[in-house]
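Before I ask anything, here is the structure I am working with.
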Amino acid sequence: MSDTARLETFSDGVFAIAATLLILDVRLSGGGSVAHQFVNAWPSYAAYAISFATLGIVWVNHHTVFTQIGRVDRTFLFINVLFLMVIAFSPFPTRVLAEHLREGSKAAAFAYGLTFTVMAVCYGALWFYAAVGRRLIAPEADQRTVSGISRSFAPGSVIYGTATLSSLISAWLAVGLYAAIALFYVLESSIFGRDEG
Amino acid sequence: MSDTARLETFSDGVFAIAATLLILDVRLSGGGSVAHQFVNAWPSYAAYAISFATLGIVWVNHHTVFTQIGRVDRTFLFINVLFLMVIAFSPFPTRVLAEHLREGSKAAAFAYGLTFTVMAVCYGALWFYAAVGRRLIAPEADQRTVSGISRSFAPGSVIYGTATLSSLISAWLAVGLYAAIALFYVLESSIFGRDEG
Amino acid sequence: MSDTARLETFSDGVFAIAATLLILDVRLSGGGSVAHQFVNAWPSYAAYAISFATLGIVWVNHHTVFTQIGRVDRTFLFINVLFLMVIAFSPFPTRVLAEHLREGSKAAAFAYGLTFTVMAVCYGALWFYAAVGRRLIAPEADQRTVSGISRSFAPGSVIYGTATLSSLISAWLAVGLYAAIALFYVLESSIFGRDEG
Amino acid sequence: MSDTARLETFSDGVFAIAATLLILDVRLSGGGSVAHQFVNAWPSYAAYAISFATLGIVWVNHHTVFTQIGRVDRTFLFINVLFLMVIAFSPFPTRVLAEHLREGSKAAAFAYGLTFTVMAVCYGALWFYAAVGRRLIAPEADQRTVSGISRSFAPGSVIYGTATLSSLISAWLAVGLYAAIALFYVLESSIFGRDEG
C-alpha cells in the first residue's frame, strides 16, 4: 500500500467516525409526548446536518486534493494529524450548539464557528505546504488544477472567521451563516465541479 | 487508490460505524434480577437486529451496486454524502424505538420508518443518477444487470413508505412490517441471488 | 477492489470498532480516592481484556480464513453480516459482565458466554459454507490447509457452549474458563502457528 | 490484499477510532454561563490534545515501521493485537485525567502515564520481534534504516516510565512531561525526519 493510500485510509477513518459519532448527541428533548420530543429536538437535527454536511464537503475536497499529491513527508503527516485532531474535535462544539441553540447562546455559536475556522486554517496549511513550489505534488498533476485548488482554498478561513465573528451579534445569524456556507459549498461543487469530477 | 475504491472505503466506514454504534443503546431494562433485566430488554434486541440487518442488506446491495460503477463525479459524491447522513442518523430512531416500543409509541415507529424511507429514496437517487443513460456505469458492465438493479430499486421507497404509514394504525404492525421487509430482503437475496453472487 | 478485499475491509471495520467501543464501558468504580476507584474497577479491566483478546483472536483467524477464500456469493455475505451482528453485539454482554461480575451474577456470565457461543456457531457456519466441496475456496488454496482449518473450527462452539453452561454452577468458574479459552488460543496460535504465519 | 496491507487497515482502524472516541469524554465543566463552562473544561482539552497527538505520533511511526516489514507471522499479529489493546484502552485514563487533573490527582496522572509506558513497551516488542535477525524485515529494506528505527525505539519506554514516576511527586509535573514528550516527538520528527519522509 502506498504512502498516500494509507494516509487516505486513516483520514477517511477519522472523517467517517467523527461524522458518525455526531448522532450520539442527538436526543429527544423536553417533556410531553414522544412526537413532541421529536419535534423539540430540532436544534439537534440542525447541528447534526450542518456538521455532517461540512465534514462531508471537507472529505470530498480532501479526496480531490489527494489525487494531486504524489508523495508525503513527515511534516505533511503531522499537519494532517493536527487537521484530523480538529476534525475529531468537531462533535464537541456540535453537541454544545445542539444543547444551547434554543436559548440563542452566543458562546456556543462562537465555539462552533471557531472550531470550523481552525479546521479551515489547518486544511489550508496542509494544502499550501504540499502545493507551494509543487513540494509534494505528483509530477503528472496539471498545474492549472493545482492553482485552481489554491484559489478555492484561499477564502475558506476568512469566510468561516467572519461567520464566527457574527456570533457576537447573534447566535441565530451565525448559525444561519454556517448553514449557508455548507449549502453554498454543496451547490457550488455539484453545479460547477462536474467537469473535474 | 481509484476514486470508486476510496469512496467505497469511506462508505464502508460509515456503514460499519453506524451499525456498530447501535449496540451502545442496548441496555438492561427495568428492575429485578439481572436475568429479568436481560429478558426485559427485548425491545432493544429487536430494534438492534432490525436496524443491523437493514444496514447489512443495504451494505451488501451497495457492494453489488458499486461493482457496476466505473467512475464517480462530484454530484454522485454529494448524493452519497447525503445518503450516508441518513445511514449515520439511523441509530437515533433505533434508540428511541427501543425505549418506547413497549408502550406502543406510534411516533417512535413512525420516525423509525420515516428514516428508512428517506434512506431508500436517497439510495434510489444515488443509483438512478449513476444508471440513467449509463452516466457513471462502467463500460464493461452488462446492461441486463444494470436494468435488473434498476427494477429491484424501484419498489423500495414505496414499500418502506407504506410500512411507515401503517405506524399511524399501530406501532406493532409497523415494526412487524419493518422486520418482515428486512427478512424478505435477506431471504430473497440469499435464495435468488446466488447466480449473480 | 476485489469482492473479498472489500468484504475484509468492512469486516475489519466492525471488528476494530466493536473492540474499541469496549473501552467506553470501562469506568472508575465505587467511592473513595481515585486510586481506590482505579483498583475497584478491575472487573471492567478483566471483561475488557477477555473480550478484546477474543475479538483479536477471531480477527486473526478471520484473516487466515480469508486468505483461502477465492470468491464470495450473497449467502456468504449474509452469513458474514449475521456473524458481524454478533461481533458488534459483544460490547453489551461485556458491559453487563463488568457491572455484575463482582456480585457473581450467573445471568451476566451466562449471557456473556451465550454471545460468544453464538459467535462461534456463526463463524463455523461461515467457514463450512465456504469450505464444503470447496464452494468458495480459491483454486490455488492447499486442501491440507483447508482441512486443517476445518478441524480447528470443529470444537469451538462446543468449548464455548460448555464454558457457558458452567456459569449455571458459578459465574467465577465460567469467567475463568472464558479467560482460559482466550489464553489457550493466543498461546496455541503463537506457539504452533508459526509455520503457517 | 497482502498480509501487511490488511494488518495496516485493521491497525489504522483502531488508531482512528480510539483517537476519535477521545472527544466523547470532552464535556462542558462546572456551572455558570456557557462561555464559562467552555473555559472551565480546559483540562479536557489538554488531555484530548496530548492523547490525540501521542496516538497520532505513534500512528505516523507505525506507518514508517510497516514500510520496513515484508511479511507477518502469527506471533507478530498477536503482539500487534496486544499493542492495539493498549491503544484502545487509552481513552479511559484520558477521561479520568480530564476529570481529575484540576484537583491534581496523582493517581490519575500515574494511570495515564502507566498506560502510555505499557504502550511503548508493547510497541518496542512489536518492532524488535520483527527486526532482530531481520525476522520479518522486507529483503529490500535498508539495514541502516532498520538500525536507525531500533535506536529510536530504545529510549521510548524509559522516557515514558520516568515521566510516569514523576507523577508520584506532582501530577502537574507529570502532565507537563507528557505534553513535552509529545511536543518533542512532533518537532523531532518534522525537523529531522524530512529526509526519510
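Should a chain be cited, it is by its letter among A, B, C and D, assigned in written order, with residues numbered from 1 in that chain.
One rule holds for everything that comes next: a contact is a pair of C-beta atoms (placed from the backbone, for glycine too) under 8 Å apart; a residue touches a chain by one contact, two chains touch by 3 or more.
The structure presented is a predicted model; accordingly, all values stated were derived computationally and were not measured.
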Report summary line: If CA atoms of chain B are superposed on chain C, the rotation in degrees (nearest 5) amounts to 90
Query raised in the report: Is the contact between copies chain C and chain D built from the same residues on both sides or from different ones, judged by whether over half of the numbers are shared?
Result: different
Requested in this report: Go ahead and note the Å separation of the Cα centroids belonging to chain A and chain B.
Outcome: 26
Requested in this report: Compute the distance, rounded to whole Å, between the mean C-alpha positions of chain B and chain D.
Outcome: 36
Report task. At least two other chains touched by the same residue of chain A: list those residues. Result -> 9, 13, 17, 21, 24
Requested in this report: State which pairs of chains touch, listing all of them.
Outcome: A-B, A-D, B-C, C-D
**Report entry** Complex contact set, residues of chain D against chain C
**Finding:** 1, 3, 6-7, 9-10, 13-14, 17-18, 21, 24, 71-78, 81-82, 84-85, 88-89, 91-92, 96, 100, 105-108, 111
**Report entry** In the complex with chain D, residue positions of chain C that touch it
**Finding:** 2, 4-5, 8-9, 12-13, 15-17, 19-24, 26-28, 33-35, 38, 48-49, 52-53, 56-57, 59-60, 63, 67, 186, 189-190, 193-194, 196-197
